[in-house]
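Both of the next two complexes hold chain A, though its partner changes from chain B to chain C.
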Partner chain A sequence: MSEVIDVSKLDRNFKYQVINEPGGEGLLSCFACGTCAASCPVREVDERFNPRKLIRMVILGMKDEVLQNEFIYLCSGCYLCQERCPQDVGITELMTALRNIAVKEGYLHPSFKAQLEFVYGLGRLYELTEFDNKKRAKNGLPELTPVVDEVKTLLKEAGLSKFVEVEE
Partner chain B sequence: MATKNAVVVGSGIAGLNTAFSLVEKGYTVKVIEKKPYIGGKLRQLDWQFPNDACGMCQMYPLYDPSFCDTCIRRGVAKDGIEFLTLSEVTGIEGEKGNFKVKVIKKHRGVNENCTACAKCEEVCPEYRFSDFNYIKTKAIYKDYPRNFPNLYTIDFEACTKCGKCVEVCPEDAIELEGKDEELIIEADYVFFAPGIKERDLSYLKEFGYGIYPNVINSTQFERLISGNHPNKGELKRPSDGKKPKKIAFIQCMGSRDRQNPDCSSICCMFALKEVRLLREYHEDIEPWVFYMDMRAYTKGGYRYFKTTDAHFVNARPAKVEEDENGNLLLYFEENGKFRKEEFDLVVLSVGTSVDIPQFEQKDGIYLLYDTPLEIRKSIISSYAATFEAEVLEKDEKEYTFPLKDEYSIAVVDTTGKVEKVQNLKVIEIPPLRKNEDVVTLLGKLAEESVDLFVLVVDDRFMAERLLAGRINPLTYEIIDAMRESDVKFATERAYLKLKYRVPVKGKARKPQKEVLVIGAGPAGLSVASSLARRGVRVHVVEKKENMGGEGIHIKRDMDGKDETLLEELVKEVTDLRVPVYTNSVVKNIRGIPGDYVVEIQKGNENEFVNVSAIVLATGASPYAPSEYLYGKNEKVLTQREFEEREIDVKNLNTIVMIQCVGSRNEEYPVCSVVCCRDAIKNALYIKEKNPDAEVYVLYRDMMTYGTSEKYYREARRKGVIFVRYAEENPPVVTEEGGELRVKVHDKIFDMDLSIVPDLVLLSTGMRPHEGNYELSKMLGISLDTDGYFNTLNIKFNPIQTKNAGVFIAGTALSPMTMDEAVLSGKAAASKVLDFLNNFGVNQRYRTSAVRERVCAGCALCVEVCPFEARFIEEDEKVAKVIYDICQACGLCVAACPSGSAFLLGEETKGIMHALSRI
Partner chain C sequence: MKYALFLGCTIPVRGQNYEMSARRIAKELDIEFEDIKEFSCCGFPVRSIDKEAQLLISARNLAIAEERGLDIITLCNACTITLQEAKLELDHDPELKKRINEKLKKVGKEYKGTAKVKHFARFLYEEYTVDKIKEKIKKPLKNIKAAAHYGCHFIRPTEVYKDFDDPEHPKSLDELIEATGAESPDYPDKQRCCGGGILGIKEEDALSMTKNKLDDVKSVGADCMISICPFCSIMYDGNQKKIEKTYETEYKIPVLYYPQLLGLAMGIPADELGFKMNRVKTKNFLAKVEGQDEA
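The block that comes next holds the complex of A and B.
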C-alpha cells in the first residue's frame, strides 16, 4: 500500500485536545513500542483492534478518522494494554476520553445512537409494557411508570439530545 | 618517597583500574570487596563486545601473575595492592589525607592454606543457591575455576558445621569457628567503584520471569552458555535440560518503563554479544531479538549490530505464555501484523542500576559514576577519578643483575625426587606452601652462598606466586616435577640455561614533565588544564584560530541553558598560562616515549618543542551533507546551523528533522552518538519558544541512552512527533515551486506521510578528523576501520596506545558527547601523570637486552620492534632498549645477525645448549 497521508490536512491541535480531556493525559508518552498492539485479546481475530495505530493517528492529528473509528467503541475496556504499557499511556482511559471527545464533536457510533434514541424516547433502554407490570404485580412488586421527561432533561444537559433524530 | 594509602571500595573492573592507577601514582592501595572473590560482574562474562574477546585475560596478569604462566603480559603485575574480600565499609571518619575507614571483614571459614583441591566440596552434605551460576552448589564453594583469591569459601547460612570438610582437608585449611574482624584502615583518599545491581524482573508478570523456568535474564543466560558453568558449555534449558532450538532475546526489561524510566545503556550491546556467542558455539540455534531502539552507540557498536546474525523484530512483545512442554509462546507485532511464535528459551535483557553506596560527601571521597557504564567508560571514569589523588614521586631505580666473574649454581629440591645432576650441589628443603617456606629457602641460599639455582617444585603456580617480588626471577629456573616426565633431564636443561646467563645493568631515565596536546577542543583543553594544574608544562597545538574546537558551536545544553563548560575550560587554560599555538599544525614528530621532538608549524615559522608524552585530542569533524537538498535549498540546514544562527522560531509552522544523515549507513557504519540528543535539544527549544510549531523527528533508533532518556520522554510529552523510518526506505525531500515536501514511510500505518515543512534540519553527526592518518603514521599507532584512533585495547585500555608515550582523548577515540569528551580528557591527563611517574622507575625482568660488545649498530632490531622499544644510541653506535616499553616478544632476537639481542632469562646460548641435549 502506498497511500499518502498529507499531514497538512490533519488537525495538529487534536493531540493537545486529547491530553486535556480526562483520561487522555498519558497520550504523548507513547513511544510506539507495540506492546498494546499485541496485547489486545481481540487483535488475534480482528485487525481493527490496534491501539498503537489508533494512538499514532491521534498524535498525527487524524481527528476525523479517529472519532469515526469503530475501534474506540468496540474496545471493551479489558485494561490489558493499559496494564502492560511501559510508558503509562493509560490506553483504556484514553479510549473513554476519545469517545467523550467524539460525542462533544458530534460523532456517535450508530449502535450508540440507536440506544440513545430508545433512552430518549422511552426513558429506558427497553420499553415498559403492560406485560411487565402484570408480571411484577404477580410477584408482589410495585408498578413502574416510565420517567421520560427527567431523562430527556438529563440527556439535553449532557449534550446528547442532538444525536436524537426521532420525531417527538 | 613518602607512602600514602588509598582505599578503593569495589573490585570490579572500575575498582581494579582505580587501584592500578593509584599504584602508578605511588599509593599503597587496599581494595575492599563485599563478595568472597574479586573481579565483580566481569567474572560472569565470557566475552566482551565489540571485539568478542575474553576480558579476564586482560585483568588477570595485572593482579595475579602466577595464573598466567604462559602469558607475555605476566610482567605487568602491580605491587602494592592488598585485596580484602568478604569485607564491607561500615563508616568513614576524618578528613582528606586522614580518613579512618571502618571495615568489617567476614569470616571466610577457609584460611590461606587452602589449595582448592575440592575434597571438601565432595563431602559437604549441604547446599546453597549460588548467585554466580544461578544454580545450587555445596555450602563450601568456589565460584569458578579461576577465582582470586583461589580459596574455598563457606556459606555459613547453609553450613551446619558438621565437620566433614575439616576431616578430609589435607591442608588444615578449614576453620569452622571464627569471628568477623573489625578493621580500621587509614587512608588519604577513598574511591567508591560500586557495582551494578540487576533489577528484579518479577514485577513484569506478563513475561513470566520467576514463574516459567525457561524465562531467564541475560546474566543467567551468559552463565548458562559459559564454558565454566557446571554444564561445561552445553546449552541446557532450566526446565528439562533440553537443548533449545529457538531463543528469544527481549530488550528493555526493567528499563525504559514506568518503574524504571531510564535506559540502562549497556543491555543492547550485551544482548548482541550473547547472540554472537550463541552463533559461535551453537550454530543450529535460531536467535530472535525483540528491541525498541537498538542502542549500539559505543565505539564499533553499529558495525557490531550490523554484523550480528539474528532475526531482529522491532517491537516489544506483549506477553509470554508457557505450554505443557515448557515451551514459550510470544505475542508480538511484526511489520504491522499480529504474530505468535514459539520459543524454547526466553532471555530478558535485564536493566541495571548502580548500587550507590551511602557516604558523606566530602573532599577526598570520590564516587566514580552513578549510572551503569560499559567497561570502556567505567575505566575512563576510574582514570578520571584517580586524577584527584596527588601524584607521589617515585624514586629512580637501576636495573641490576650482578656482574660477577663466576656464579655458584645449585639445585634446590622441594620434592625429594632429584638425583645428582652433573656436579651440582643439591639443597633439599620442604615443599613451598606458605610464606615461611620461602624464608627457609632464602636462608638456605644465603647459607650456602648460592647465586643462581634450579628450583624443583611440585606446584609451579604456587611457587611462583610465593616467590614473586622476593627473589630476582633472573636468578632461578623453575621445574615443575609433576609436569616433567624426566625430572633429571629437565633440571639439567634448566642448569644449562642458568649457566649462560648474561649479566645486565641499566640506568633508569626519568622523563621531563613536559607534554604536547594536539587539539584545543573540549577534550584537549580538559587535558591541558588538568595537567597544568598538576605542575606539568603543557603545549597545546590548535589548527584553527581559536580554542574550543567543535565545542564552540554548542550554545545550549540539554536543559536549554547556556552551555558554559567550554568557556570555563578556556578560562582555566588561559589563567594557567598554558602556551597555546593557534593556527598551527604538527609537522613532524621524532623520538621515543619520554623524549619526543615535535616540529610545530605556524605560518612559515617552525618551532621545536621537546616533550615526554603526547595527547591526541584531534577531535572529529562535522559531516558535510549533500543529501536531502542541503546546499540547494536554503530551508535545509544542519542542526548545528540552526543552533548557531539562532533562527527565529516564532514564525515557523512545521519543522522536519532527519536523523542519521551520513551516519549509520553502508559508507560510514558508525553512530555519531550526539545527533539524537541535538535533535531533541533543538526540538525542545522550538517547542518552548513556539508551542504551536509542529516538529517531526524522522529517526531510525533514538540514541538517548542512560539518563538522557528523560529528554526523549519530555520531547514526546511536549508534542514532538517521532516517526521511525527504515534504513532501506529513507525520507525523500523534494522541492516544487520553492515549497519543500518531505515524504517518509510510516511503518505503523504502512503508508507514506507527506509533510510540507518551513525548515528541514539534518542531524549530520561527525566523521573522524582527516589529519588522524598523518599523525598515526608519525607516531606508529593505528586507526580503526572507521578512522578513529585505536588504543591498546578497545575495552580494557581505552586511553593508552601502542606508542607508550601517546594517549588519546575525546572524539579522536570515537564519537561522544562534550561531557564525555571532557571526562576522557581528565582520564588521559591522569594516565599521562601515571606514565611520567612510572617511566624509567620500574624494575622489569622480562625484557630484551643488548650485549653491547657484539652489537654492530645495524638497526635491524629497531626496525622489527613492534613496540618501538629499541633505538641506536648515537655516540656508541649500539642498540639500546627502553625496558619500560619492551614486551619481550623476541622479534629482535630473531632479527639480530650478531646475536647481541637476547631476552633476559632466555639467553640464546643457554637455550641452544639445553636444546642440544634433547
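The block that comes next holds the complex of A and C.
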C-alpha cells in the first residue's frame, strides 16, 4: 500500500474497542516482527491477506478499512501464526474478535449469514432430508432429526434472530 | 466404557464413510457409542458472528452429555476444538459460566463441567493406545505409504491442547498410521491447513491451499492421504477432481479416513468401511492392499 494515510480519518479509540472484545486482548503486544505473515498459508496464495499489516491497521485506527475489507474473513483459522507469535498476540482469536465487532457494527458477511440461517432454522449446518436418512439407513446408520427449538431459543437469547430473515 | 458420539453437521450428511468406519472399528475394539438425538451443531459456524452465542450452543451440547453422565467422543476437528475450548473457557471463568447458565435456563439446561471431550483419534492414541491397536492388526499394510494430515484443530491452539501433541511436530497420527503396518512419510509443510475454513469466503484461495498440500503429498509418492476431519476430506477428496481440472494436473490420491485404514488392517472388508463413498477412486489402492496378501 503506497497511498498516504489520512490521519484525520483514523479512529484512535478503535484499538481500545478491540482489546475489550473477547479475543482481542493481546493486540497491543504486537511488535510487528512478521512471523505471522511468514507462517500464514493464506498469504502464501493471496498477498492481500497479511496479518502483520492488518494488526498495524487496527492499531493505527483504520477502523473502516479493517471492518469493511474482505481480508478479515480470509483467515482460515489454522492457528500457525498464533502458535509462533513471540508476543502472544493471539492472532487467530484477534480475527474472531474483529469479525464479531463487524457484526456489532451491523455488518454480517453473506457466508456467515447463510450459515447462521441454517443453524437457526435446523439446529444444524446441513439439512437432513428424507433422502439423506434413507441413505443413512442403507449404510446401517441411525436416523437423525433436526434439533430446532432449543437452538433457536438460544440464538434469540444471544440477539442473533435479527439477522435471520427466514420466517418468524 | 460408553461414550456419547458427537457427529456434528458435516459427517452425517457428507462423511458417512467416516461415520461407518468409525462405528465399525469401535465395535471391533469394544468401544461403545451412544447416539444422542438432542445434540445440535457444535456452535462453530456462529463463532465468527458472536463468540458468546457459540458458547451457548456449545454449552448446551456439553450439558446434554453431562445429564447422561457420559464423556463425548468427536470425529470432526472443528467440533473438537469448539467443544473443548468452550469447556476450558467456562471452567476457568466463573462469571462467564454464570452468564451462560442464566441463558441456558431458558431451555432447561445447566452446564456443570463434568463431561470431557476427546477426538476419536486422540482417544485411540491416548486411551486405547497404539500397543493395543497393534494387537488387533490381522493384515499389516506393508508397502503402503499413507501420508498423515492432522488438520489444524486436532493439535492447535496449544492453549486448548496443552496436554496433547506437539503443535509443530506432532506424532500421534503418524504413530496410529504406523500401527497398521503402513509407512507414514514425512513431507514438506505437513502442518499446512487444507483451506477449508475459507472455502465459503474465497474458493480460489481455498483450493489453491488444498493444491499446495496435494503437491507436497504427491512429491513423496504417497499411496493415500489420511484425514481425521470431514472438512479436510471435503477439500482433498471432494475437491480433488476440480483442482486437477483447474490446474491441469493429476493426483489420483485416495483420501481415507483413519478408521478406514485401520479397519482394512484389522481385516474388515472395504464395503463395511464405506469405501464406496470415497470420491477419489480407491480401487487401485485396495488392489495394492490385497496384492501384498498374496505376495
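Please note the rule applied: the second predicted complex is superposed on the first by the 148 of 168 C-alpha atoms of A that agree within 3 Å, B and C clash if a C-alpha of one lies under 4 Å from a C-alpha of the other, contacts with A are read in each partner's own complex, and residues count from 1 in each chain.
Operating definition for what follows: a contact is a pair of C-beta atoms (placed from the backbone, for glycine too) under 8 Å apart; a residue touches a chain by one contact, two chains touch by 3 or more.
Note that this is a predicted model, so its numbers are computed, not measured.
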item	value
Fit or clash between chain C and chain B when superposed on chain A	fit
Which of chain B and chain C A:Ile101 touches, first, second, both or neither	neither
Contacts of A:Ser76 with chain B and chain C, given as first, second, both or neither	second
Which of chain B and chain C A:Lys135 touches, first, second, both or neither	second
In the superposition, chain B vs chain C on chain A residues touched	C
Partner chain(s) touched by A:Leu154 [first = chain B, second = chain C, both, neither]	second
Chain B versus chain C as contact partner of A:Asp6, first or second or both or neither	first
Contacts of A:Glu47 with chain B and chain C, given as first, second, both or neither	first
First (chain B), second (chain C), both or neither touched by A:Val89	neither
Superposition-derived minimum Cα distance between chain C and chain B (Å)	9
Chain B and chain C footprints on chain A, overlapping residues	44, 80, 83
Complex interface listing, chain B residues touching chain A	206, 252, 256-258, 292, 314-319, 331-333, 336, 338-340, 654, 694, 696, 712-713, 716-719, 721-722, 724, 743, 746, 748-756
Chain A - residues contacting chain C, complex	22-23, 41-42, 44-46, 49, 70, 73-80, 82-83, 92, 96-97, 99-100, 103, 108-109, 111-112, 114-116, 118-119, 123-126, 128, 132, 135-136, 139-142, 144-145, 147, 150-151, 153-155, 157-160, 163
Chain A contact footprint on chain C (complex, rising order)	7, 9-10, 12-14, 16, 19-20, 23, 35, 37-41, 45-53, 56-57, 60, 103-104, 106-107, 109, 152-153, 156-158, 167-168, 191-193, 195-198, 200-202, 205-206, 208-209, 212, 274
Chain A to chain B touching residues, read off their complex	1-8, 12, 15-16, 28-39, 43-44, 47, 52-53, 56, 59-60, 80, 83-88
